[in-house]
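What follows is a group of structures, each given as structure tokens.
Okay, so chain A shows up in both of these, paired with chain B first and chain C after.
Presenting the complex of A and B:
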């Protein structure tokens, strides 16, 4: 096809589109929706960043308070005037009160594009020696009803709304010619109808995609700054979103090539959108839940509690008796808390925790193992649903995918073990149980916060190429059918 | 005359292959929704019932322990799966179902299933609720969008208008034809769900409990489906072209089902921002430790309590008290800390109620949201029912605290004989009267939409001219 003809087609398309009132109103609505989605994403990011600043302030205040109190006790011959359970020179008390530090997942700036799992997974944990974080925390204080409704972010707009807009843009490229009576004119032209149709669809795709990025990029520059736009993640986001739009345009071309009425074209495309965007993910959900059912966390609780009951039948029973009946700790033990009792409680807590951690390890592995299997299932089957594939990609590239939160959760668990290793020796030995010093306070382990934006597990090239192949196939099939279009 | 038009339209609909394909697809989806919902209900209700027994059994067989230590072992109050979760599970997976009953720690409902779900969950959960709120309206619009416009496009409108039938009869004939198809699906849903309900034999008194709520749910579904069909047929008449009608109706669906609720949700988060866990924890800790107003530090309050207790028993030393002081302290702070936590949780609940109200108000712009809200409230899978569970579980937790502390004042070791005196927890969702009053707002909005649909219908058939 010659360049001048492409030029004519380009101007023709611009004229047609700009004179279509429905399209113009939809485009205005889309600008509003897109800007709103980006603004909502960035306000969530800002809120997380502010919370993280507050967390570090809170940690600093706790440490300062701890050190001040220890200094005061040391200056008064180790006498603590307040309640014994608040005395920070007991390692066990510090581990419960000012000691616990936070594990934080720093938000990746591109998270403004896809909230992903950020609203249902915690991005920070207060890490205690005796509380497994997954049994304690779930997420920020969020309204369950709003979580249920879902987020309004860039990913939602791209995945759900844009395909429908593309359908409105492209469902009648060929059928409108027939319905308006210009088809006969086209047939008499010495140009290839198939090439012209592909060219028109290509022009619409370019106009649509350029318009889209022309809105998104400046808004992102304003809301999150330019740095995030020079990352590999951003490059991939641009490539994936453009590919997703290309898929819908290619599909519209194929549907058009069947020479049905505009109304039927629109219905078929809406049906495909509904089927691939809602029904297939739901069917996959049913299937994966059947094949890899995710056990309830209640199972972990049951395992933990069974183990504790078993422990208290013998060893725990002896230890408790030793603590609560020892002459050292017992001066009317249910009236006055003695230092020996605080120490003993600490020992019971840490011994029990060791038992609990061992007991829950199996149930925990079963839970996360099943989720991992489901995730792997999604990775393999996501090609069935472009919407699902897009969601998985966007959340991974934005650093808000389940994998990345799981990575954070595992790092938090490692940090918890490190914290336990720090406190346990100080709690467990009678010679050290009331010697927690300022040096110890300074040595309390701290979590190394990062943003978890790596996506190497995604095998992104592989599925990108497969999807590109599918789009080419759709285009070739549409083109071949158009070559035969004579009616 | 209306009957004749109805018969003709039905014949035409059944002879249209795309309608038959759609009907086939919708029935398959409905069957899947029923299967998925039933399977969800069976798995969850069984697990919860069993776990409630297991956790209590673990508690009452924990053996000899210091009463306070044993009370800390505690047990869980599990929220039973809603009776109607087979057809609508609402926000059940987003609220959690486990409430830890242990001393001096205000319980929080934990274990939101959504935390362990994959990204697939964001596409919804296919059950009858999802089917009727998301898929059925789109099906209705696809059926109705060209019911009138085809007459203009085929040029048969003149023939129709020159017949003996008046515009109202023509409109009613076409509306009833579409309604017959839609009501056919509603009847299928009703019959299939009813069979599933009567086949649930594990729960005592299940069917008598479910029936009133189920009847209300069906009434709401019939109203909603009729309203959607009326809107679909009216738009088809007003637009006169199938394409425009399809774009308007599917746009209305998309905006109503996905866009507006989410946008309203985000707006409510920004207008009524939630407190963070960090702030919540720090504030409640400070209030408990340093007191509210002129209450004073915890140490001061503890000392005052000791002086009061010694004065009460007319002794001068703690060691001379005829009762143990630690349980008295625990009970005292359970009460004052409880007030701090009640205030804090009430503030969270109040803020969430404001957010929910804002979202529900947006249902004046989208009937889909109003029906979803109605459906959740009637099936007791909404936030208010969840809060009712949480408050009853918290009351039970405090009751256990009093029992244990009273025992602890005179005993230092508790055995299984004592643990068995602690009552088990059980919860039943409030009855249909409470649910209807809880759903008043959404019922009112649905009625408002019904008035709108009727008005649109009258306006549309008055415009039926060539």
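Presenting the complex of A and C:
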């Protein structure tokens, strides 16, 4: 097609679209929703950033307080006037009280685009030695509700609302010509109808996508700054979203090529949107839940508690007797808590931890193992639904995918072990259980916070090329059908 | 300029056009009369390349018309009963678009001139087509034919619904085009217009051309009688 003709069609489309009041009103509404979604995502990011700052301040204050108190006790010949369980020179007390540090998943700035799992999964844990993870993420209770209604974010607007807008933009490119009667004049022109239609659809796609990025990029520049827009993740987000839009325009071209009425075209496209965006993901979720049922979190906690109870009823009995009968702990004679008693608890916690961890590991494997299998299932079947694929990709590129939170959880677990290894030798040893010093306080392990935005595990090229292939197929099929559309 | 050789069109078992033979010379205005379903529009649709002939051949300026022969489309312009345009665009913008599609790049002034030649007032050409009367839309249709420099003009009931003044204006423009060498094939029910405008008149019935008359050799009364006789046969 000659360039001047593309120019003619471009100007024509611009005039036709800019004078369509329904389209303009709908576009304005969607833009408002889009900007709102970005604002919501940005608010959530700010909230997380503020929480992380508070965590950091809290850790510093806690460490300063700890060191001050240790210094005071050391200055008074190790005499602590307060409650013995608060005496920080006991390694067990410090491990239990102000000693634990936080494991934090830093929010990746592009998380504003896709909340993903970031409202369901904790982005920080306070890591204690005696429990797998204390979930201190307070909004977890309300998250079940959020999970039910879905997240309103950029990804939601792009994945679910924008296809509807694209349908409004494209459902009647051919049929409107027939319905308004301009078709006969187009047919008497010496241009190929197929080329003209594919060109018009291409122009609409370019206008739509360019306009979309012209809105999104400045808003992101304001809300999260420009740095995040120079990342590989952002490049991929642009490519994936543009490809997703291309998919819907190509699909609309194919539907148009069947030369049905505008109403039928719209109905077919909306049905495809509903089927691929809502029905398939739900069917997959139901199917995968049937195949890999997820035990409740309560079951996991119950299993852990049962294992611990069983331990103390059998093997743990001897340990308890040994510890609390020891002259060192002087438990039987003590009417008040003695230093030996603190030591005794430290030993019990240390020695029983292995069995607790084993019980937790089994229960966790049941829970997370099933989730992992479900995730793997989704990853394999996501090509059936462009919406599902986009959800996966956007959350992964935004650093809020389940996989990335799982990486954080595993790092947290490693950090807990490191913390245990730091405290156990001190608290469960007769010679060191009350020697926790300022130097020890400075040596308490700290978590190396990251934002987990790596997506190399995603095999993004694979699905990108598959969808590119699908789009080309749709375009070629549409074009071939349009060659017959002159009738 | 226009030639039909044994042109036949069947829709299933129904023969819409039966062995039509026709030749229209340069500058001739050929008016096709006939009742509804006589085959007038089918003939025009085949010449325009909208539908394929079942058998036989149609030629424009020596080139055979086929569905994918873009060359013959360069030569033709079509004005249907109702010229439908892009309602949100002005007459000028419509003309600019369709002339662009035909590969022409006229200046605004040239396009205005074509509009005025087609009979549209200068004050109207920048108004949106949604405010145009039927006659004004027909004039934009003529302007589109003018910018294409069409050698053959196909008209399907072009004056149906136009007031006498607009109809007269329209006829005058067709005559002007005829003088410039444009061949016209017009389907109409308007016997008076056919007599006044046509250089030749054909009367079709059930897909066949029953009469092919020189306009100058037939009176309006005879034409009316012949036409009624044909229609009566149909009833």
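Methods note: the second predicted complex is superposed on the first by the 451 of 487 C-alpha atoms of A that agree within 3 Å, B and C clash if a C-alpha of one lies under 4 Å from a C-alpha of the other, contacts with A are read in each partner's own complex, and residues count from 1 in each chain.
Throughout what follows, a contact is a pair of C-beta atoms (placed from the backbone, for glycine too) under 8 Å apart; a residue touches a chain by one contact, two chains touch by 3 or more.
These numbers were taken from a predicted model, which means no experiment stands behind them.
Counting residues of chain A touched by each partner, chain B versus chain C, the larger count belongs to B. When the two structures are aligned on the shared chain, A:459 is found in touch with neither chain B nor chain C. Shared-chain residue A:71: touches no atom of chain B or chain C.
Of the two partner chains placed by the overlay, neither chain B nor chain C lies in contact with A:480.
Within the superposed three-chain model, A:8 lies in touch with chain C and out of touch with chain B [touch as defined at top]. Shared contact residues on chain A (touching chain B in one structure, chain C in the other): none found.
The touching residues of chain C, when paired with chain A in their complex, are 48-51, 67-68, 70-71, 73-74, 76-78, 80, 82-89, 93, 97-98, 100-103, 105, 141, 144.
Against chain B, in their complex, chain A makes its touches with residues 22, 33, 36, 40, 43, 47, 51, 54-55, 58, 81-83, 86, 116-117, 120-122, 124, 126, 135-152, 156, 160-161, 164, 168, 172, 262-264, 266-267, 270, 274, 277-279, 281-286, 288, 293-294, 296-298, 301-302, 305-306, 308-309, 312-313, 317, 320, 324, 331-337, 348, 367, 371, 374-375, 378, 387-388, 391-392, 395, 401-402.
If you check the complex, the residues on chain B that touch chain A are 18, 29, 32, 35-36, 43, 47-48, 51, 54-55, 58, 61-66, 69, 73, 76, 78, 90-91, 94-98, 110-126, 130, 134-135, 138, 142, 146, 242-244, 246-247, 250, 254, 258-259, 261-263, 265-266, 268-270, 273-282, 298-299, 302, 318-319, 321, 324-327, 348, 352, 355-356, 359, 382-383, 386, 408, 412.
Residues of chain A touching chain C in their complex: 4-5, 8, 12, 15-16, 19-20, 180-182, 184-192, 196, 486-487.
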